[in-house]
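Multiple structures are listed underneath, in structure tokens.
There are two complexes below, and they share chain A, which is joined by chain B in the first and by chain C in the second.
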Partner chain A sequence: MAEILALDDVQDATILIGKILKKKGHTVHSFTEEDDAIAHAKANKVDLAILDIKLKKMSGIEVLSLLKEVQPAMKAIMLTGYPTVETAREAISLGADEYCVKPIDRDELEEKVEKVLKSRGNKNAMSV
Partner chain B sequence: MTIIREQEYLRVYQKITRMISMVLDHQQVMDTIVNSLPGLLNVDAATIRLLDAETGKFVMGAANGLSEEYLSRYSIDTEETMEMILSGYPVSKTDVKLESSPEDREIIQSEGVNSILTLPILFQDSIIGILRLLTKDKRIFTADEISFSMALAEQVGIAISNGRMFLEMENQVDFMKEVQQLSTLVNSSLDLSEVLDTIVERLPDSLGCKGCTIRLLQANSNQLELVASHGLSERYLQRGRVENEMNVAAALSGSPVAIYDVGHDDRIMYKTAMEEEGIQSVLSVPIKAGSDVIGVIRILSDVPRCFSSSEINFAVTAAEVGGGAIRNARTYQQISLLFNQIEENERFLANILDCIRPQLLVVDTKKHLVLVNKVLQGEMGCTENELLGRGYHDLFQDQECDEKDCPINKVFATGQPASFTHTNERDDGVHWCERTASPMLGTDGEIEFVIEVIRDITAKKQLEEARLEQMKLQGVVELAGTVAHEINSPLFAALGTAQLLEEDLDEEDIIADVGTIVRNLKEIGKLTGKMTQMTGYESREYVGDTTIVEIR
Partner chain C sequence: MDAKATNLARAKVYQFLSTLYRDEIPLWLIEKMGEGDFLKHIKKLQEVCTIQDFCSGLGRMRTTLESGSAAEVFNALRYEYADLFLNAGNNPAFPYESCYTQREPLVMQEPVVAMRAVVNKEGLHKNPDFHDLDDHIGAELELMRHFAEKAAYKEVSQDDEFNFLRNHLMGWVVEFSAVLTSAAQTEFYRGLAEITMSFLFNERMFSFASLSGQQTDESYLFILEQMGRAVSVLELGDEFATLSEGAVAPEKLKEVKSHCFICLGLCGQEIKVKDNIITACKGLAGDPKGGGRLCIKGANAHNNTYSAYRLKSPLIKENGRFRKASWDEALDLTVKSLQKIDPSELGFHRGNDFNNWCHEAVMSAYGTPNKVTHRQMCDNPARMANEKNFSEKRPWIDYEHSEFIMLFGINELATSAGQRKVSLLKNAVKRGAKLVVVDPRRSETAKIASEWIAIKPGTDGAMAMAMCYVLVKEELYNKEFVEEWTYGFEPFKKRLMGEEDGITRTPEWAAEICGISAGTITRLAHEFAIAAPAVGTNNWTGVTQAPNTLHATQALIAMNGLMGTFDAPGGPSLIRKFKLASPWGDDQSKPPNNAPKIKLDKGHLWSGWIPAYFEKDVDEGKLKAMLCYFGNPVMSCGSEPSIKRAIEKLDFSCSIDCFMSNTTELCDVVLPDCTYLEQSRVVADWMYESFISLFQRAIKPMYDTKSVVSIFQEIAKRLGFGEYFPWKSEDEFLENQLRNQEINLSELRENGYHITDQHEFYKYKEWGSMNPPPEYGSSGNTKTGKYNFMNPLAEENGVDGLPDYKDPWEDWPDLQPDDDHPMILGFFRVLEHEHTSTFWNISLMKACGSNPVWINYVDAKALGISQGDAVRISSPWASVEAVANVTWGIRQGVLAAAGGFGHKYGLEGDPKYPQYGGFNTNVLLRPNTGCKWTATPPLKYIKTRVEKI
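Then we have the complex of A and B:
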């Protein structure tokens, strides 16, 4: 089972992600503040980060960049309510494994998380 | 003196007087005297030399009984003898060989001359020449002979002067006619080349000379440029610059210069070139236009020529007539050049006006058209002649531009540039016109003309409208994206939570209700998805005046 970090400015969204993935046996650490999430990643092992692109102070892309500095092997799924070519291109260049558009279906979320976690050590799998 | 001798002298005197009174040409007078005197006075040869007033030297007038070689020696006699003669006294030499200069002694000996009587030829107390009587035998001229010869020389002086005067008068009349003709000819043309050619051809012909040149001063370099010539070879003409030749310099300072013998005159620089060309004498005269010397005319003779004062005056007068005509022709040439330049500029400006895309017109203070470009002519379907002079308001009365908005009226009212934009209905739709009028002020600061430029700005207007539409669409798309984004996060939370709840429920009715919520939340998700991918919209009627948009 994996250590998962979820960061979204909407608290209900982080709670939901936690509920869905805990049912799958993962440990989920939910955050609405960027600094808290970064501090957690600096102190603990994180297998997967699920990040919303629109946050309170920074963008999810910037947070991804900082998390990758402390946890280079960490996997990442980017969530957005407003998909654009620019954000998708930047997320991929910073090592994001998935780029999902909200509202994401529960089954779709579970499926993507499993897929990304399985691909640990296999870096050529990325889908939008 | 015996009576017989006196009678003999009287007879000779009468004969000479009769002979010289029968001829009027002074050259004929001189020839008659030198041919008759040896027989009458029992001498072997006689010569007459005339004084060239300009150089102060004696030049050959006529000779009889002597060789060319002897006659062409450089000096006539010793300095002492010449001084005596110039003082008005006769000089008699019995043995010339002993009394001549060493350099002339050989030629005198080979000619066989032994005795010479040299007499001044006087006219009104001035020396005009010398008469020399030469014998091969040694002869002592007696006082009676000398006195008689002096009286004869005086008669010769009178005859030569009379002949000269007659010739001068005759020449002056001829020259006046010639100047008149030349004046008529050169003033009948404004073509500079034609004027110059007329002068160089007529002048040497009138003076019986070989050729003629005209050199004009160039304003920028102040150097003389050969502009016309007649009767001279190209080689001679190309001999070199002449500004520094003394006779040319004197002519440029305004004084005419006559040179009898170019081969021995210091005022000539290119002696060899002149000799090769066969030139013996030169007359250089200034070409004057008003008080300014604008060039030099040189008249060249291929026989030794002592130019008389009337000939020099004629040349000077002819050069002045020519100078006036040259100045007129030059002025005309400059005016023609200027005129051509103005015409060229006018054509250039007209081309510019015709090539610019907007319509352009100019009106005078009465608002009548005074200039229209080709684009305007094409737009109006009229020729330039049909449009010029027409009233501005008559021309545009069918257009949607009120007189109060008319930029031309505004310019006349305020003196400031004005512009106005209006529409015109045409077959191909509505056209936008922009009229800009600007004043053209006269030297008194008042408006003389008004220029109006009419531009069809339909394309520009359409572009502006399209840009506005694009900006509006961009705003709508961004708003839709933002709204969708703001909805998607809570929607995600709501949908996911509903799905989890549906899984945990047991009662069929409640499961069905939660299923309805999940289905509708998914519908909202589809709608927000459309909003994030929106590229355009269409207005759709709703209720009453209200319209709603359909996302594309």
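Then we have the complex of A and C:
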């Protein structure tokens, strides 16, 4: 089972993610503050990060970039309420494996998490 | 709006988007989109639209539509369409779900299977008139239209519809839209990307609301209503363009027995095909070439076919940009252009020999004498030596029985013609046979060798002459064979002994030239003699791509002649191939050969069109047009800048290829060939045994591509020679070719190959000649029936025909290294690639995606260069940048990098994949330069200097 980091500025969202994924046997570390999430990743193994794009101080894209520096093999799913092509471009270029759109759909989240964790390597980097 | 109206409006929007993606946008549609009614609805929508990307997308689309007349917009968009979706540009937006599951440019992956299952369940199948793929964005959007219309009219559950929306479309459209936005040059396609992504996200919300019985967001309903009205104005029609009625059951798994055509190895392949999708390529058990094995290229051959960079449709260049064309338009333009010039002003360049009997015949009927293959830039020195001195260009050694093997410039492990031979070589080494590899670079083969002889580039002839000197001087040679089966021994002996010019070819003489000690040369000659006749020496492009190596090849093959090892167990084999019958049936007329017997360029021995002199020939008015089939002369036939200039100066050029390349991009017309897995041929082949091998079409031609025979049949028809190229199917010419064999086409299909003659030794004794009997073919012919130390063609022409060493710069003094450019650069081949033809294959690029330049540790230290440093390599003619690979595995004073790199298209040229890329060593070549004996450009003898950047 995987070590999952969930970061969203809305606590309810992280709670929901935690509920869904803990039932699947994963360990979920939920954060609403960017610094706390980054500190956790520096000290602990993270298999998968689920990051909201819109955060308090930084964007999820910036956090993804910092997390990838400390955990290059970590996989990532970006979460957004309203994605734009621009944020999608940034996320893909930084190596996000999947995009997940709010409101979170249980089946969709479970499926994407399993898919990302099962894949042997990260999706190929693509610069767009 | 009620549910029905809502679903119909949704269907309209899906239909609109599908129409814009599935093909270039027709003029009539652009006219309608630019007219008042459509724009009126769009403007109204924009005024109140609160969905950011949707609004912005509409605005961008309008910007283009209002930027000029309908005809101007149409042209701008069709150029853009060709770049984005037909791979005419280097940054395509692949419109297939398969390309986004792993973000790899690979089509026909799992999403196609899933899409077919959904379509089948809906009682539909892909419209056969839609030449694109099942998981194309246009097809998936059209399926959504089908779902929405079904919901509107039949009020069925929308579970399947929303499942498809969320698990297919939404799974990749985000990335596709991001790629399209990034790659598009026009506001129209950027806007289309924004509208698509935004619409589908709102559709997702719509699906949640529908499933939970909640009200749909009012603002979204308003958008649907307005967009539905706007699209209605366009009168797009009721029919589906990408889908057809009626479920079609998937085809069962089949195994197609065929052969690989990625390199010249031609190993047997068993191709697994399920529902017209190739799922794997495996080795064909028992096949004489592969022995059931495939290299990485053969195992991933289908990923060439499934590369997302494939050309899909004919292209015509206008105003410097490509646009889609119909086959008729492109072929008509090509043939009219050929008819405008004298046929002797056309150069026909072909890079492979797939069914070459057909295109050669078409070009001969047209009347061009200027037909070339890659031969000159490859191993022409060896061929011109061996094909005249005995009967075959490449006398592969019978490794199974060898005791001593000496390879000059052949990296068998990476470049072998056949995986069985590689296996036999490895086994020979394992059982204790001695392998000596003579190469400036420690190649993969040198790594398993008993000895790596790091010779100076271009000096193999000196070493071989000295070994011959030892064999003759010490009378170690096989006197009986020399007396009975050779020609020209006495003059050869005189040269070795210095009786001809006062220079005795001793090991001491050679050591000064080639940098290998006299003791080593003498010892190797002794070992060679002691192990005879189970010995063989051979060479390939490591020798032949330096200038003046015709005589060097003669020298090193002469060792086999001196020891009488031809066709001995463990020696170099004499080849015989049981000839195929003509593709023309007994009742079919053969085309005329209208080509005059004139030679465009002339050398000491080789005459004809010499592509290394391409620019000079164009400047002198000798060439005005080029037809190129599966070739990349810009990257391979000489100085890249010079050959590029040559093609740019031509009146007309046409390329028949599967991919856009550094050559194809320069052409006026591009005709998309299909890959070998989509077409068929039969060949007479040889690997110790003589056999017939079948290349069996595994899948139908993809997209709007054609087989090479079909393309040349069309060209012939337009040239007025159609009656001579009458075959109605591949089977017809295959059956004709097999009519003299003991098996028919159906039987050959079962096995994939048929052995006509088993491996035999000393065949020439039975034949009474070194030439095979008339019913057999080989690539050469010895006039004397014996092995010739004296090359008969050279003797006939009154030029030097004896083995020897000649300075590489003898005819081109400025090729000699000097203080400014002291190092010699060349390229080497790698197992993962075949010349320039595999750089669109993601599997091979992942295995080898760049080409650092090898530099000796001592040289690097002196120049302050460390591993991974960026360096500049300069010749007197050009400079390139590269990354240094500092190693002990290359001789001091020599630089080398893997060949084939430096593409402007495919994975190297695509900005989405910056991790791939390298440089072409040929950029550094002297323009308009070829060996005066054999026309081979000095690809492995470029004087350079290297410096840290």
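A few remarks follow.
FYI, the second predicted complex is superposed on the first by the 121 of 128 C-alpha atoms of A that agree within 3 Å, B and C clash if a C-alpha of one lies under 4 Å from a C-alpha of the other, contacts with A are read in each partner's own complex, and residues count from 1 in each chain.
Please note the rule applied: a contact is a pair of C-beta atoms (placed from the backbone, for glycine too) under 8 Å apart; a residue touches a chain by one contact, two chains touch by 3 or more.
For clarity, every value in this text was computed on a predicted model and none was experimentally measured.
Contacts of A:Val101 after superposition on the shared chain: both chain B and chain C are touched.
Once the two complexes are overlaid on the shared chain, A:Asp52 sits against chain B while remaining clear of chain C. Using the contact criterion defined above for the overlaid structures, shared-chain residue A:Arg89 touches chain C, although it does not reach chain B. When the two structures are aligned on the shared chain, A:Glu111 is found in touch with chain C, with no touch to chain B. Within the superposed three-chain model, A:Asn44 lies out of touch with both chain B and chain C [touch as defined at top]. Overlap of the chain B and chain C contact sets on chain A: residues 82-83, 101, 103, 105.
Across the interface of their complex, chain C is touched by residues 82-86, 88-89, 92, 99, 101, 103, 105, 108, 111, 119, 123-128 of chain A.
Contacts from chain B toward chain A in the complex involve residues 481-482, 484-497, 499-500, 521-522, 524-525, 528-529, 532.
Remark: chain C residues 52-53, 102-104, 166-167, 170, 174-175, 177-179, 181-183, 193-194, 197, 201, 204, 208, 911-915 touch chain A in the complex.
Considering their complex, residues 8-10, 12-13, 15-17, 19-20, 52, 54, 79-83, 101-106, 109 of chain A touch chain B.
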